[in-house]
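Note that subunit A is present in both complexes that follow, paired respectively with subunit B and with subunit C.
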Partner chain A sequence: MRFLTTFAACLCLGAFHVQAKSTAGDRVVVFVPKLDAASEYSQFLDSLGTRGFDVSFEGDRLYDHAIVLSPSSKKFGSGISVSDFLSFVDSGGNLIVAASHELSDIHRKLALQFGVTFEKRGSRVVDHTSHLAATVNQSDHSVVAAKQFAQVDAVLSKKVVGGKPVLFKGIAHAYDAANPLLVPLLTGARTTYSAASSAARSDVVLTGMSIGLVSAFQTRSNARVVFSGSADLFSNRLLGQKAAGNTQFVKEISQWAFQEKSVLRSTAHRHHFAATGETPEHYRVNNEIVYEVDLSVYYDDAWHPYVASDVQFEAIMLDPYIRATLNRTESNAAHATYHGDIKLPDRYGTFTFRVNYKRTGYSNVVVQDTVGIWPLRHDEYPRFLSAAYPYYVGSLTMVLGFLALSAAWLWNTEPKKAKSKTN
Partner chain B sequence: MSGSSAAEIVSKLAADYIDETPQKLKLIDSYMVFCVVTGLVQFLYCVLVGTFPYNAFLAGFGSAVACFVFAANLRIKNQPKERRPVLGLASRVPAFAEFVFCHILLHFVVANFLG
Partner chain C sequence: MARKVLGLAAAEQLSLLRIAILGLISVVAIGSRLYSVIRFESIIHEFDPWFNFRTTKYLVNNGFDSFWNWFDETAWYPLGRVVGGTVYPGIMVTSATIYNALHFLNIPVDIRNVCVFLAPVFSAFTAIATYHMGKEVKNATAGLLAAAFIGVAPGYISRGLRSSCSCSPSSCGCGRCGLGSALYAALTAVFYFYMVSAWGGYVFIINLIPLHVFALLAMGRYSNRLYVSYSTFYVLGTLASMQIPFVGFQPTRTSEHMAALGTFGLLQLVAFAHFARTLVPQHHFQVLLRGAVVSLFVVGLGGLWTGRFYSLWDTGYAKIHIPIIASVSEHQPTPWPNFFFDLNFLIWLLPAGIFFSFRELTDNHVFLILYSIFAAYFAGVMVRLILTLTPIRTYLNVKDVEAAGSEAEAVPVAKTEAVAGVPAAEQISVSKSGKKGKGKKSEKTEEPAKSEPAPSSKPATAPGDERWNEELVVMANFLYLLFMFQWHCSWVTSNAYSSPSVVLASRSPDGSQHIIDDFREAYYWLRQNTKPDAKVLSWWDYGYQLAGMADRTTLVDNNTWNNTHIATVGKILASDEDTAYELARRHDVDYVLVVFGGMLGYSGDDINKFLWMIRIAQGVYPDDVEENAFFTGRGQYSIGDDASPTMKRSLMHKLSYYRFSSVMGGQGMDRVRRQPLPTEVTVDNFEEAFTSENWMVRIYKVKDLDNLGRSHHKVADFVGRP
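Showing the complex of A and B:
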């Protein structure tokens, strides 16, 4: 593969350069096997252009997003290795990787780093009951009509999940279901299996739901990576099919991958005394405080208030002493405010106030402050406790009783009738 | 005395107590009853309400118990000679002076411990 700097001009992208619709930036690099090959994906790439991306076909970390549409390439140009892609993602770059049945080792190695294990080279996903009717060879059922979408609202809208099946022609991958960062977006149906194209079917390993077709990965630093076992998914041939939902599906996964939607952020957070509203340098045990955090979500080219009922506040000193759900109190055009009335624990020490919000498909939001909680000074305790009044009275009556007895003892005169027995 | 019923025994006991006990000992006895009542009231309060100001409870209740013990000591030392047990400890200080001294000490401790 070569770097084709000149091709950028062919797509007339300068015109779309004006507005970035992604929160992460507007520079996309596309890896294609040959310059001509880009025309195979022109619908998809043009749609990126209309979404405000500056698409060009070469790479360095001059880019915010990368699309790898060259499954059979053995290298990505001179000097670009798997570790370059990893550091690209580590530094916040977003990546879409499309494979096919002839994918090369470099794709496989790259995918393995994200818990995605592609099947053996040459194997294909086949489904004999749900497929696109082949025009040439009627026994070729390798263009699978897949509709096992993941119920991840942040990535796939109801329009996709409840819509037409997605045509998929390519290779399956196994996904690590235990990996919380990896979400299979599209999987095989019960009738789907992965097999080598040869007649021998004995090497079937992946079947049904365990077949990953398209998977999404979000790193802890909120970079997003999408693996598709099919590069054809993005091709004009399959995007153009009337009966297929490819257009909407590809639009939504690329919007998600390029941080055009489901990007969460906290614009501000604050905590203060409930009574006075001021933020002290440190709190005292059992103080009543207010904690608030503002959350926004990005979609449709703008920041909107983020609406949820599961935002939690934690006060942590090794263990969480408090974990309380925050209530959404007000929303303006840009953010929603989540509010909590918190009573600090009866425990002094250095605490961390944290909102640790990680939900599938949304960017991770971690907001934290280190706050000291001090004990009361010796003269700040209440002097008299109402619960102890009976004891105060009890000890006082003992004093009075003692005085009374002493007085009676000292001024006692034995009655005259006293018997002679007494002393 | 033989053949007398329990009621007779109790009434004889009460009559003898009233007739034969010196007035000073009766004073101490009523003081001891007062101590028991004060202690019981505080204990019941603690059982009903809870042990929260536990130091205050200990101070109040302990005060009643200690006063009871001091009074018992004073009573022993002021019994008629023939009934007085041989203690083996002959104090040169009058028993009442000891009683007063212990009380002063006790109430200082209680006031400190009360919170």
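Showing the complex of A and C:
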């Protein structure tokens, strides 16, 4: 990764904090147009600093998190391309991308890969009923006070959702609602629309709720990306507004993006015979087994037990043969144990035991083992079947009859002349 | 027999000679099966035996108990295969026993070599068994000739080891009738058990023997001997065969076994009737009985029919209803040239043999006639059954050459002494052929001499000079034929049946041999470069090899027990990339392997098999796969740019021709199809992982889902395609 470039400024933040708060690491790189432009966002960046982020230079990936606050830059230094960002994310890096109405192509291309389509350059989000009163131009309603928060507890707390509106000045984006990885965190209200710049013909494309203002994306490998149509959202100017909830909002989305909360993981999982507690190489049909998985969640700088009632276990062979909800049996300081008493299906084959726990805003947890379920051994079948008793009786009488007949024939020396046709 | 004594009494001399000849026949029989081992190396060369090899290894390593209960998770993923219950364990157990015996004697033989050399060694046993059967049917010299025939007949060589086992019970089966002793019948049952344990072809025997019994009954040849031997054989043999888990209760349920069961019941009735008749002598009784017998048998036959059985009667049946059976080349009707190719002059001596059998209609001869007729029919229907025909051909041909009188005894014996080895065996036959020629030419005159004990008829022959000349001509004639037979057999064996399917050999213009080893190259690549639990999807032909050589999990293999699963694989290969990707991911497939012969001109590749895949898939998924869509508007099976859109979209086409055109410089030809190549082939959902040296095997990795949730087409649009 070549993020240390001439054009992009790298800020070392809070180097005196040693404690990492994010689960993903504590190295952040920030892209700003000019070095001194960082002062515009000092409040936000300082808040990161107080949360314990640091910079270091080892490893494959130089940074764990990246913030792009340079919406109008045509490129990021020499040769950092969109695909570099993609591979940064692919390798687990987290990203916050802030745009504005003058965003460049490179932002648009980057966002497009995540299913986020920014409006045309120059267009702004406008809301004539809910906005910050402009100081200069009364008719400028482009600082929108948005409060259409997504109900995603894992990202936005009640404090944000039920709190003050967030001031937003920037560009709208369309989000791909069909993409399960993408969650719009903040959308426009009914009265919000996206307008082309005042000079151009007012060309309304996106309106109302379909306007994405801030969206969150979590990759399959649990890297997190936040797109904001507004860089000003993070600026001192808007953070400073007393009537706005920007401070809390920005804090929470950056906490989420930088893996400081709602990080879910499974620390262990196990399955074994219910009776003996040992784990065999393979099970046999109809075995009674126990399946357990430990889940913990990260928030407030520590791992806590994860509490939920919808953790499910599946035994799959092409189709799920078993789908059972696991019960939380015990919790210690670090994790909660979910437990299920499972009776394996009466079907042999190669099964996949899977806990596939994907909840919006939380990291994906997929725990799976491939387990063979074998048929019974040849000597494990029931020896006698009640249905077959008539046959047993039949065979037995046959045997006895044969013996009796043989005995009679062998020892019956008749003095008279025999019929002797039996030979 | 012989008039001269060479230090030994005549009888001793003769038996020494027989043993020597039989030994030499065995050596030849073994030798002619070693062409491929000597030319290439000691590996398993064919598709199917790889399974036997692998299971034998498992048996040797894990013992019989775990073999018996082995559930193979790496085959038929994710269904698995109950190997212990779906296998004929005879061959594996035999090899493992030999292996263990050798190791007990401190002879450290590799298990692979045991498997490779098992078949040739068993062919020697076959020859010996054949000798005994010949002896049973006719006499010792006939047996020797038969052994010599079977030792080298290509029809037998081509089908590996199984054939060897099939001979023993049939020979005993024949012997059984003659002797009528419970002991021999029990022995037959033991051999029958061994055959059942080794090969599904036992069904042929278990139908043939009842048929023979039935024919004898219908001819009014019921005897107590028949009753004793058949009852003993059937009860013991059936009980024994039911011990094989794969056979299980089939003998009491399936149509294939009904004839045997019905005949057994019938025999009881007939026996009872005979017994009853001794009490109540009535002449109408027999007439009534026969009617009952025939109707019962017909009813018994009218049970359930299975598909494979149908395809024996109507060769078109399989093609219409069960493509999976028809798709196997071994299940195709035999083309005519094959008969001559495999049997040479034996083929046209067969009718004469049947004729001579009819002339002295003993119980044994009835068996021979029935056997030959049925074997001929089945061989005509299915190529693989030609091997059932082979032994009976040899007997009947021996009958041929035996049939007529045997006046010129002195000459052949002298010759046999003079010449050793295989020719020696042939010399004997020459003597017989001489007789046979006689028989043909002067049947009338020879008739009295043609009695059962052939050797003793010698005194009756006091040939005159003319006759001697005549004899010489015929003998020379047959000598020539027999030489040609030997020549032909060696040639066929060496050229047609010894080219392995794992390794291909080609000759460059200067005559030097060039080995094409793409299969093993690819399998070893898989073995070395993929996760041990990687799942490899390929057409089922390569399943056993993948399991054996690459040691990876397969979805389908040559044990075609689940048609739906095979059809699913066919559907994956026949559908477009996205459907295939979804299905492949659902089946946890990691790699897709296709065999492509376009570069080399290898005609047994997957594109040529593709139509079968489509048909099989269509049989199960008629809504998703449609055979006609794969042909061009003019009904041609084309692969180039003019191919039908469905064809070009299909995964098989894409995986086969991906990058091929560019490698050939844009204007190459497919050397199998003799068609121009498709120019633009893109593959987005799969990633080329390996292509072997001659492009025969191409392996593709199934890509993971995109981390950002995009479709792979979009990713490729973004990243760019090579």
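Here is the rule we use: the second predicted complex is superposed on the first by the 355 of 423 C-alpha atoms of A that agree within 3 Å, B and C clash if a C-alpha of one lies under 4 Å from a C-alpha of the other, contacts with A are read in each partner's own complex, and residues count from 1 in each chain.
Rule of thumb we're sticking to: contacts are C-beta pairs under 8 Å (C-beta built on N, C-alpha and C of every residue); 3 or more make two chains touch, one makes a residue touch a chain.
Nothing here was measured: the structure is a model prediction, and the numbers come from that model.
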Which of subunit B and subunit C A:G122 touches, first, second, both or neither: neither
Partner chain in contact with A:H282 - subunit B first, subunit C second, else both or neither: second
First (subunit B), second (subunit C), both or neither touched by A:G240: neither
A:L385 touches, of subunit B and subunit C: first, second, both or neither? first
First, second, both or neither for A:W374, with subunit B first and subunit C second: second
Touched partner set for A:G162, first subunit B, second subunit C, both or neither: neither
Touched partner set for A:T397, first subunit B, second subunit C, both or neither: first
Shared contact residues on subunit A - subunit B and subunit C: 421, 423
Parts of subunit A lying in touch with subunit C, wherever the complex brings them together: 83, 86, 89-90, 113-115, 179-182, 217, 219-221, 223, 282, 317-318, 348-352, 370, 372, 374-375, 377-378, 421, 423
In the complex with subunit B, residue positions of subunit A that touch it: 385, 387-388, 390-392, 394-395, 397-399, 401-402, 404-406, 408-409, 412, 414-415, 418-419, 421-423
Partner subunit A, residues of subunit B touching it in the complex: 19-24, 27-28, 31, 34-35, 38-39, 41-42, 45, 49-50, 52-53, 56-57, 59-61, 63-64, 67, 71, 80-81, 96, 100, 103, 107, 110-111, 114-115
Residue ranges of subunit C touching subunit A (in the complex, touch as defined): 68-69, 71, 73, 77-80, 82, 84-85, 224, 245, 275, 278, 533, 586-588, 705-710, 718-719
